[in-house]
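Labels A, B, C and D are assigned to the chains in the order they are written; within every chain, residues are numbered from 1.
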Amino acid sequence: MTEAIRKNFASDNIAPVCPEVMAALARVNEGSAASYGEDSETSALAVRMADLFECRTWVFPVATGTAANSLALSAATAPFGAVICDQSAHINNDEAGAPEFFMHGARLMPLPSPDGRMDPGALDTALTLNAGGGVHTSPVQTLSLTQSTEWGTVYSLDQLDALTGRARAVGLTTHLDGARLGNAIAALGCSPAEATWKAGFDMVSLGGTKNGAMAAEAVLIFEEDLAQNFLRRIKRSGHLWSKQRYLSAQLMALFEDGLWLRHAVQANLMAQRLAHGLRRHPAASLPFDVQSNEVFVVLPERSVAALEALGFGFYRWTTPPGVDGVLIRLVTCWATEARDVDNLLDAL
Amino acid sequence: MTEAIRKNFASDNIAPVCPEVMAALARVNEGSAASYGEDSETSALAVRMADLFECRTWVFPVATGTAANSLALSAATAPFGAVICDQSAHINNDEAGAPEFFMHGARLMPLPSPDGRMDPGALDTALTLNAGGGVHTSPVQTLSLTQSTEWGTVYSLDQLDALTGRARAVGLTTHLDGARLGNAIAALGCSPAEATWKAGFDMVSLGGTKNGAMAAEAVLIFEEDLAQNFLRRIKRSGHLWSKQRYLSAQLMALFEDGLWLRHAVQANLMAQRLAHGLRRHPAASLPFDVQSNEVFVVLPERSVAALEALGFGFYRWTTPPGVDGVLIRLVTCWATEARDVDNLLDAL
Amino acid sequence: MTEAIRKNFASDNIAPVCPEVMAALARVNEGSAASYGEDSETSALAVRMADLFECRTWVFPVATGTAANSLALSAATAPFGAVICDQSAHINNDEAGAPEFFMHGARLMPLPSPDGRMDPGALDTALTLNAGGGVHTSPVQTLSLTQSTEWGTVYSLDQLDALTGRARAVGLTTHLDGARLGNAIAALGCSPAEATWKAGFDMVSLGGTKNGAMAAEAVLIFEEDLAQNFLRRIKRSGHLWSKQRYLSAQLMALFEDGLWLRHAVQANLMAQRLAHGLRRHPAASLPFDVQSNEVFVVLPERSVAALEALGFGFYRWTTPPGVDGVLIRLVTCWATEARDVDNLLDAL
Amino acid sequence: MTEAIRKNFASDNIAPVCPEVMAALARVNEGSAASYGEDSETSALAVRMADLFECRTWVFPVATGTAANSLALSAATAPFGAVICDQSAHINNDEAGAPEFFMHGARLMPLPSPDGRMDPGALDTALTLNAGGGVHTSPVQTLSLTQSTEWGTVYSLDQLDALTGRARAVGLTTHLDGARLGNAIAALGCSPAEATWKAGFDMVSLGGTKNGAMAAEAVLIFEEDLAQNFLRRIKRSGHLWSKQRYLSAQLMALFEDGLWLRHAVQANLMAQRLAHGLRRHPAASLPFDVQSNEVFVVLPERSVAALEALGFGFYRWTTPPGVDGVLIRLVTCWATEARDVDNLLDAL
């Protein structure tokens, strides 16, 4: 099958576009349409999302996760403010300073998060210290969490509640980087509403690209003032598509009938299969729970090199001091098949 | 035919995606591919563009024209600098402050441009004044021109030479907003090289979206330092696609065998047909030469309202003081057919 | 007398510091004091200003007018917004892009102002156009006026009312650049309150440096939210003095017993004396009313060169097209004496 | 004596202005002077500094240390870049995000520095990691160190060499935050040149305010391109004084005949006296070497509260976990007298 990712476990963004999204692009490719989001596909998407999230929801489609996150943070945070996030957050490590650019210099304050999940005690300490900082510090205005986390773990709803509750109690706006939110919801078995606004979030970057789209993420905002502020920043950052129907159509394909969750379930299952196989390998150790679609594993250098030589794709991660072996990351996705996983396990 | 724009002359961005671009998207939708521009389609595009422009060329695909322009200007201009552009420029009127955002507050200095083309005398005066400004002013570092212009006119190569030559003589970097460059090249009958670097430009925003793509523009840079500076800004502004093959494939479809120019020729012909018909209308007057694919015409309010009532799409422009009637803009594109034009002319 | 400016009419910032300000600096130079504005002199200044302006007032001392203006505008304007000002405004022409830097790229929209005063009709047109601009434009959020104007004229209170009333009706914040507000109040004979918040202003940059201080301006804000927003930006821009008592003391010297107005009266009188003399010169013409402490005059090149040769200091201004002669600016200040003026007139 | 700081050890910025600086302000308060740095005092300062630092030196006087640091960093670092500093740096903890504001979002990368001095191994690791980061990270472009450090320690010249040498080898620009450089030079007994450019620094923020001035720091730049870049940012950030003679005069008073070092020697001596006395206190422990004018000491809560009750001024610092007692900071300065120190020791 042409879509299989075969030997490439480097990321969920190396996968092709799923057939349903391609079909949706063809479907909307008819005649003229009003530009800049005034098209009917975008309107339909807004209705669909409000229904799916059971809430009044402002929906902004953009092409990349970095745009989604940075625009959201900039709508919530004054240029003189700060954002608390976990140390492992994508916004902290992988976006080349985009949050700071969009926020005009507001600072990220990363907190320790050993398995990707922020410790409520660390949040408490940071907020207390910041509250006493006065005019010489940047006041924290936003909390940003990641679900599922960058280490493949998943917060329970109670864990989210504890963090967002603490943040909201001191007036912070709450943002969820949900580039892989589908994987977390599939793991938790909760509703989209429970995983987002009912868990205390004001804004969500909801991933599409890693879940089968070409280039499409939806920023969901549950509060009108934030939404108005966000709206004014899209064109200004070059993220307003003139032919927006092609952005909205991708999201409709994923979200109109549950395709996003079917994709997530498949990716999670493949990660479980992979983890299960790896745990049986005598020299492998898995430092984190495998709860979504990312598997981190420490293997001997010799095994890692052998996999590379066989053409398997994955990233070598920074191995923590004191660990014997090499930490690598293996990512599954909607296009991963059981034979792809077995192929890798066999090779190992 | 489903692709026809029928009654919609509002812009060239209301059109659908051309079949060749859709086919290219399907073509690259095979298996896994390296992300963030490390894919083979992007490499092929770079080779193709260097060949087409007969020059060492750095090529950066992005999804929107605003991103292309703003990133280019920010690579050329220090935050304390300034950019000279024409009064009618898209960067000056239609991008919601994106250039200032990307340039971190550097200022646009718009010069009068009655028919969209900058007057060399005005440029000379502005540069002379700025040179004497000292530490209280923003030093001009960049010249940005638009070809074809926002009023549908086209600079001759000599006119471009005069402006870029003056700018380069005082050390400015030169940028061309070529959202509709294909239309200008079709009109001039020159080569892509003659229209760009041979005409004195260091950077070009080369449009794809208005010419048949879904969301794709190519920034072309002819100087290595500028290219390196540009490169560092793409991810930081959320404009680096993880699945970049789908961006590059759109551009390949347009630029690999001349489709972009065939599209431009069609759009220009339809504009000529429209202009020809309008000139025969006793109450119509066309304030500008029709040299590309935009037609501006002054019509009586009654006629304009009648067209609107019939469902024709176009924009009412700000009518200059003293003009009797309403100034409207009609835009043709690759998907405009003769019967679409005739239909409008008949209605009138 | 050592303080006289003698032949230097280039600006009111070429003057020395007045004796009262020097004495105030010596007065506060006693023992230790809490830093960063926690000192008693700063507290006393706040009380004095609230009393002088007959209003609850937040007072922020800073060292330069550019800092005062830019900080104020940035507290009032979102990075995606815009500020309407007059074409001749200091923020538009003389601050090297500081407003755009502090506002993170928000744009200035200068309106024609032939004699320095903004035309209410131009404001009305600009606001109407902007209101319909949608997501492709920068929404105007702030109006900034200058009193006395950069051409030496003074708005009447009715003229101010008309402009600020129009602005407030559509929700704008209003800012007054009052680098020379004392001169305007001296000319109008009104109270400080009447010239500021009663005339519809939310924020004022109140000048001290040009009026006898060393380096001191007071930003006055009449609205709490704006003041809180402003407060967070001072340290972040390097404008919070650790030894703030020395900033506040300068302002106390000027504002505690009316010294600022006595200085302004002297400067205005000297400007009147100068204008009166110039009007008697057969070849001189004065393009603007002389209402404060700036005198613009067109003189033959030969006369201007002669004055320069004699060591008189002043700036040649950009002479408007069609004017025969050279436009120069002569500025008087608190330290200008009658004999300084007569000396220049005699030389002429 | 009125200048004594008496019981206030909170900071060296709570002190008054020294008599020599006050005299210098009076000295230049004569007649008119060209504005914006075109005055003769500023010229004389440039000559003096070049002589003192034995090097071609560009000198920029500004009023605050935050302005000095932030302007310097912004001249060295692109908006997409990053700055390595030590964890305890003033730019990292005490400037309310000013570096990020001036650098337009470029990021600080703080490295562990247990006693305020950066570990060369940590620098090496950070640079190696960053070099492999690619387009998803912010490239480090600048190294900023602090001398004397925020914990009162002083780098040896060899230690500085090792760090700046490593940084320069990979093309970084090097900046020294020398708010208390005089104290370090007094401690090291080296020349100003040896402590700065001979130790590998391209730019220095040289403190005046904490050393007896009213509000004056000198940014020294030893490389022309950096200086030109810096120059363009001063007015734009509101840090160009119109009456600059009063800024330059303060610095002349300190630097023309060695007053800055005499002040530093006095402050250091008083810190030694204080440390000596504290070490004899049975319940006191000093976590760091006392090498300049800051003394950190852990005391029982009861003792700290008693000092506060007696009216002594100092800051309670964040006490590290596991430490029994309260960490406080005591700062001496040029105005500290032996009896002030003894008074505190007696009280204890």
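The rule is simple: contacts are C-beta pairs under 8 Å (C-beta built on N, C-alpha and C of every residue); 3 or more make two chains touch, one makes a residue touch a chain.
Keep in mind the model is a prediction, meaning the values are calculated, not measured.
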item: Chain at maximum distance from chain D, centres defined as averaged CA atoms; value: B
item: More contacts between chains, A-D or A-B; value: A-B
item: Centroid spacing, where centroids are CA-atom means, of chain A and chain D in whole angstrom; value: 42
item: Averaged-CA centre spacing for the pair chain C and chain A, given as whole angstrom; value: 50
item: Centre distance in Å when chain A and chain B are each reduced to the mean of their C-alpha atoms; value: 34
item: Shared-contact residues (touching 2 or more other chains) in chain A; value: 79-80, 95-97, 101, 104, 135-136, 138, 232, 235-236, 240
item: In the complex with chain B, residue positions of chain C that touch it; value: 79-80, 82, 93-97, 100-101, 103-107, 129, 135-138, 318
item: In the complex, chain D residues that touch chain C; value: 2-6, 8, 10-11, 13-17, 22, 25-26, 29-35, 62-68, 70-71, 95-98, 101-102, 209-210, 214-215, 232, 235-243, 246-247, 313, 335
item: Contacting residues of chain B [partner chain D, same complex]; value: 36, 78-80, 104, 135-136, 138-139, 229, 231-236, 240
